[in-house]
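Dropping the structure in here first, questions after.
Per-chain numbering from 1; labels A, B, C and D assigned in written order.
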Amino acid sequence: MIDIQNQADTRDVPLQKVGVKGLRYPVQVLDKTFKTQQTSGVVDLFVNLPRHFKGTHMSRFIEIFHKYHKNVSMKQFLAMLDEIRRRLDAECAFGTLAFPFFMEKQAPVSRQPGMMSYECTYEGIVSAESSRFYVSVAVPVATLCPCSKAISTRGAHNQRGIVRVTLQSTVFFWIEDIIAVVEQAASAGLYSVLKRSDEKFVTEQAYDNPRFVEDVVREVYIALRNFRCGGDAVRHEAGKSAEISGDTFSVPATGAGVPFRWFSVEAENFESIHNHNAYAYTEYSGQE
Amino acid sequence: MIDIQNQADTRDVPLQKVGVKGLRYPVQVLDKTFKTQQTSGVVDLFVNLPRHFKGTHMSRFIEIFHKYHKNVSMKQFLAMLDEIRRRLDAECAFGTLAFPFFMEKQAPVSRQPGMMSYECTYEGIVSAESSRFYVSVAVPVATLCPCSKAISTRGAHNQRGIVRVTLQSTVFFWIEDIIAVVEQAASAGLYSVLKRSDEKFVTEQAYDNPRFVEDVVREVYIALRNFRCGGDAVRHEAGKSAEISGDTFSVPATGAGVPFRWFSVEAENFESIHNHNAYAYTEYSGQE
Amino acid sequence: MIDIQNQADTRDVPLQKVGVKGLRYPVQVLDKTFKTQQTSGVVDLFVNLPRHFKGTHMSRFIEIFHKYHKNVSMKQFLAMLDEIRRRLDAECAFGTLAFPFFMEKQAPVSRQPGMMSYECTYEGIVSAESSRFYVSVAVPVATLCPCSKAISTRGAHNQRGIVRVTLQSTVFFWIEDIIAVVEQAASAGLYSVLKRSDEKFVTEQAYDNPRFVEDVVREVYIALRNFRCGGDAVRHEAGKSAEISGDTFSVPATGAGVPFRWFSVEAENFESIHNHNAYAYTEYSGQE
Amino acid sequence: MIDIQNQADTRDVPLQKVGVKGLRYPVQVLDKTFKTQQTSGVVDLFVNLPRHFKGTHMSRFIEIFHKYHKNVSMKQFLAMLDEIRRRLDAECAFGTLAFPFFMEKQAPVSRQPGMMSYECTYEGIVSAESSRFYVSVAVPVATLCPCSKAISTRGAHNQRGIVRVTLQSTVFFWIEDIIAVVEQAASAGLYSVLKRSDEKFVTEQAYDNPRFVEDVVREVYIALRNFRCGGDAVRHEAGKSAEISGDTFSVPATGAGVPFRWFSVEAENFESIHNHNAYAYTEYSGQE
C-alpha cells in the first residue's frame, strides 16, 4: 500500500511540530500518600518534521503512548517521548499531558475529609542530546484585598483565585509539596468540606492575611526559591536515590540549592467586585 | 440534481428537532439608551421533521436568518422563526440566539463610566397556532455569606456569582430593567471601573447586605412578581402601543398584573472558600 | 454557634433546587471488562428547599458524596441521593455525575489497541415515594453525507459527529453495549489507532454507509427500541439477579420488552463544509 | 484615603506582568468593505511592575481602554498601550484583544450570501523605545486526507480544521486578505450557505485537492512569504500613505519584500476518523 507520508517533499519548509492533539486517556501518576493515583488525561504529542519529508505517521504516537499510560511518572514520560523521537526518526519530540490531580484534604478545625482537585500539566521536550521537563500545578485559593480592607470600615472583598506554578526540575519532587507552598502564600486555602467552625476559621484567617495577586505571586516566588527537596519533602533519604513505583529517582542532598532551573508563578483572581479578573506573573531563571 | 432530503422515509420515526447549531453571526438588538446595539451572536435553529421525510434542507435556515440578522428584536425573532416554519413545511420552528449585551455603567461614587457585558439568550417556539418567546439574562453580582458574617469576629467571605433570569413575556420590556432588578437583589452589583472611593462603597454595601444564593433567588423572584412594565420601565406611555426601531409593541397598562407568564431564577456563586459553586433555582408559573 | 441556614424564612418562596455544582472528584464506576474503572467526575447535587427554611447546609452534600465516591454504580448513586434527601430533611434530592468513560478498542483490520473516551452522565431524582435514573452517553462517530455522495462525481464530505443517547432504565445494562449500538448506526466508528489498512477500511465503510444526522438518530432510535438486555448484553443469566461489584441487579428475561421507559437520541455533526453544525433530536416515551 | 498599592515593597521580586484579564467590551475594528465593523471583544491588559512597588492601580487600565474601544485599529491599539504604560509609570505595557471578525461570503456557484466568523487576536507590546504588534486570524477550512484518498478505492476522509496564522507586521494589511491566503491553501474553504450546486462544487474541489495538516501549513507559509501588500491588497496606492477611518498608515511599495518580520502558521484537523486532532506548526523569522 502506498506510503504518502513517506514521500519526498520539495517545498523546502521544515515544520517545528507535527503530531496529535486532544487525545483523552486514563493515566496513572505518582501519589505521595498512595504511591500511585488513577486519573484521566488529555495528551498532545509532536515531533519536528524535516523539510524533505511530506508527512509524519500519526498512529505511531498513540501506539507508543498506549504502552506508557499505565505509568506516567515524570521519568517515564521522558522515556516515552524519547521512544517517539527515535521511532519517528525525528530530532526532537514534544509532549504535554494535562490531568486533574486529586488529594484528600481535611477541614482546618473539624478535620472532616474531602477531595480536592488540582489541574496539572507535564511538558517534556526531548532531543538526542538533552531533555527538559516541566510540571505545572494550578492551585485554587482564596485572596482578600488589602486595599479594600484598609479603606473600608467593615469587611473586605475576597474571592477565589487560581495560582499556576510551572517548574523545570531535574530532581524528584512531589506535586503535593508544591500545592502546600502555594496555599500558604494565599489569604487562605480552599476546602471541599467546611463545617461552621471551619468557615469561621478560614474567614478570619483570610481577613488577617490580605493579599493582592501581586503579593501571592511574590510570596510563592520566594518560597520556591527557598524550597528544599530532601527529608520530609520527598519522604526519602536526602542525597541518595529513591525507588518510587518501580523507577529510581535521585534525591538531592538536604540543603542543596534551588532545585528548579526555571519556574514561573501566575495568579488570577475572579474578583468579587468586577466581572473581569486581576492577574500577576513572574519568572525565575537562576539569575536575579 | 437529485434531492435526497426530499425522499420518502419508511422508518416511521418522527424527529422533534432538525436543524443547525453554533452559527456565529453579527446581530443588532434593541438598546434602551441608543435604540439599537450591534453585538455578536451564536444561533441555533430547528424545525420538527415528520416521519415520512428523509431530511431537512439546512441551507434554508441560514438564508432566512441572514435576512433578519440586522434587526433581531424579540418580535422580529419570532417572525423569522415563522418564516422558517412555513418555508420548510414544518409544524413547529425553534430557535435560540445567545449574545453579549453591553451596557455602560457608572461607578457608584466617582461616576467613572465603564462597559458591562451580560450574556443574553432569546428562545422562540413557533407553530401555526401559537408562539412562545423567552429571554434569559445572566447578571454577574457580588454576594456576601450571611453565615460567615454571623459566626466570624471579622470579615465575611464573599464572591462573584451569576444570576440567570429566564422570562416568558408577551409584552415589551427592556433587558436593562431586568438587570437592575437582579443587581438590587444581590449583596452588591459589579462594575468595570472602581476607584478607591467606589471600592470602599461596594465593600461596605456588600458587608451590610449579606445574601445566600437562596436569598438572591428569592429576592429576584419577589421583585419579578411585583415587576410592572409601563412608565419608566419602557419609557413609553402605558396602555398604548409603542414604536421601537420600526416595530410596534403593546405596552401594558400601568399597574397591570405580572407581565411574565412564567419565569425562572437561578443563582450560582463561585465560592471564595471552596473550589465548587453554591446554587439555587426556582420557577414562577402563574400559580403559587 | 448561630445556625443562620436553619432560621425561619418568611418570604414564602419555595426553591426547587438548592445545592452544590462543579465538585470535581475521583470516582469508580462499573466496567464490563475489568469490573470497575477509576476515572474523574464532576458532580452537582441538590435538594428542594421548602418555603419556611432560610438555607440548606451545603457541607452535608459533600460529606455524603465523599462516602460513596469509591463506588458509584447506578444503584449506589441513587442510594447516595436518598441519604442526602433524608439527612437534609428534603422531599426530593437531585444529582448528576459527569465523567469520561474509557474503553479499549481495536483497529478494525490490524487489531491495534487504543483507548477511547466517552463522556457519560448519571442523573438521579429521588423522593420518598419513587426514584428515576438516567444515563447519558456521548459517542463520537464518523458520518458521510448522502446528498454530497449522490450529487458529486467523486468523493463525499464526511466529518466527526457526536451522538448523545440518554436512557431511563430500571434494569441493569452496560454502557459498552449502548456505545456499540450507536457506532453501528453511524457511517463508521472512530478509533485512536488506525494503521493504513485500517484507514482504507473505515474510509470505504463510511463511503458505503452515508448517513445524515437524521438517519443516525433514526437508526439509533430503532436499535434502542429493539434493544434486549439479558444474555450477552450483560454477561449474566437472563431472568435472574446478578451480583456486580458487590451490588445485586435484576436482569430482565431474554426477549422482554424495551428495557427503557424513556430515551432521547441527538446527533450533532461538525460539518466539514460549514463552520456550524448539523443537528437532529428525537425522544421515545413508551407510546408511539 | 490610604493608597496601599503605592506603598514600597521590600521583597525584591519584580513582576513581568500585572493587570486585568477577561474584560468583555464592544469594539470597533477596521473592515475592508464597510470601513469599520462593530463586534465584541475580550481584553487582557498588563504592565510590568518594578520590584519596589507593592501593586498596580488596575482601574486605570479600564479607564484608558474605555476611551479607545470605539476605534481599535492596530495603530490605535498601540497608542492605547502606550498611554497605559505612561499613566502607570511602567517600562512596558502588554495587551491582547480577541474578537470574532465577520465577513460576508458568497457560495461558490449559487452566489448565495452568508456571514462567516473568524476569531482574531491583536497582541501588542509597547516600551518607551519600541513596539511590536501581532495579529492572529483563525480560519476554519476543509481538508481531505491524501493518504486516505490514495489507498481507498472510493471516497476519502475529510474534516473541518482550523488554521491559525499569527503575523508581526509594521505595515498595514487587511485581515480579509490573510483569510483568502489560508482558504486557498486548504482542500476547500467553508461557507455558511451552500445550495446543492455549491455542495457538489466544494465536495469535488476538496477531493481534487487533498491536503495533510503538514501541507496546509507549508502552503500558507509559502503564500505568506510571497505576500505583497500594495495594490489590491490594501485598495490603496502602493508606496504612499493611506488614510483609513481617520488614521494614516504607510502602504509599502508594490513588490517590496516580505511585509512580515515574523509569522507562525498552525493547522489543527478535527479528524473525521479519530476523536483526537492532527496538528502541524511552523514559524518564519526572516532567516531561513
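In this text, a residue touches a chain if its C-beta (ideal position, glycine included) is under 8 Å from a C-beta of that chain, and two chains touch if they have at least 3 such contacts.
Because the structure is a prediction, the values reported are computed rather than measured.
Counting only chains that touch, the fewest steps needed to get from subunit B to subunit D is 1. By the document's definition of touch, common neighbours of subunit B and subunit C comprise A, D.
The chain with its CA mean position farthest from that of subunit A is B.
The pairing of subunit A with subunit B is characterised as same-residue: of all residue numbers used at this interface, over half are used by both copies.
Chain pair with the larger contact count among A-C and A-D is A-D, by C-beta pairs in contact. Per-chain Cα centroids separate subunit A from subunit B by 38 Å. Centre-to-centre spacing of subunit A and subunit C amounts to 31 Å, using the average Cα coordinate of each chain.
Averaging C-alpha coordinates per chain places the centre of subunit A 29 Å away from that of subunit D.
Within subunit D, the positions touching two or more other chains are listed as 1, 23-24, 62, 117, 147, 151, 192, 194, 196, 200, 275-276.
Looking at the complex, you find that subunit D touches subunit B at residues 1, 3, 23-26, 37-40, 59, 62-63, 66, 69, 100, 102, 112-115, 117, 192-197, 200.
Contact residues on subunit B toward subunit C in their complex (touch as defined above): 1-2, 4-5, 9, 11, 13-24, 44, 46, 49, 54-56, 58, 62, 146-147, 150-151, 212-215, 217-219, 221-222, 268, 275-283. Subunit D makes touch with subunit C in their complex at residues 116-117, 140, 142, 144-145, 147-149, 151-160, 188, 190-192, 194, 196, 199-200, 202-204, 206-208, 270-276.
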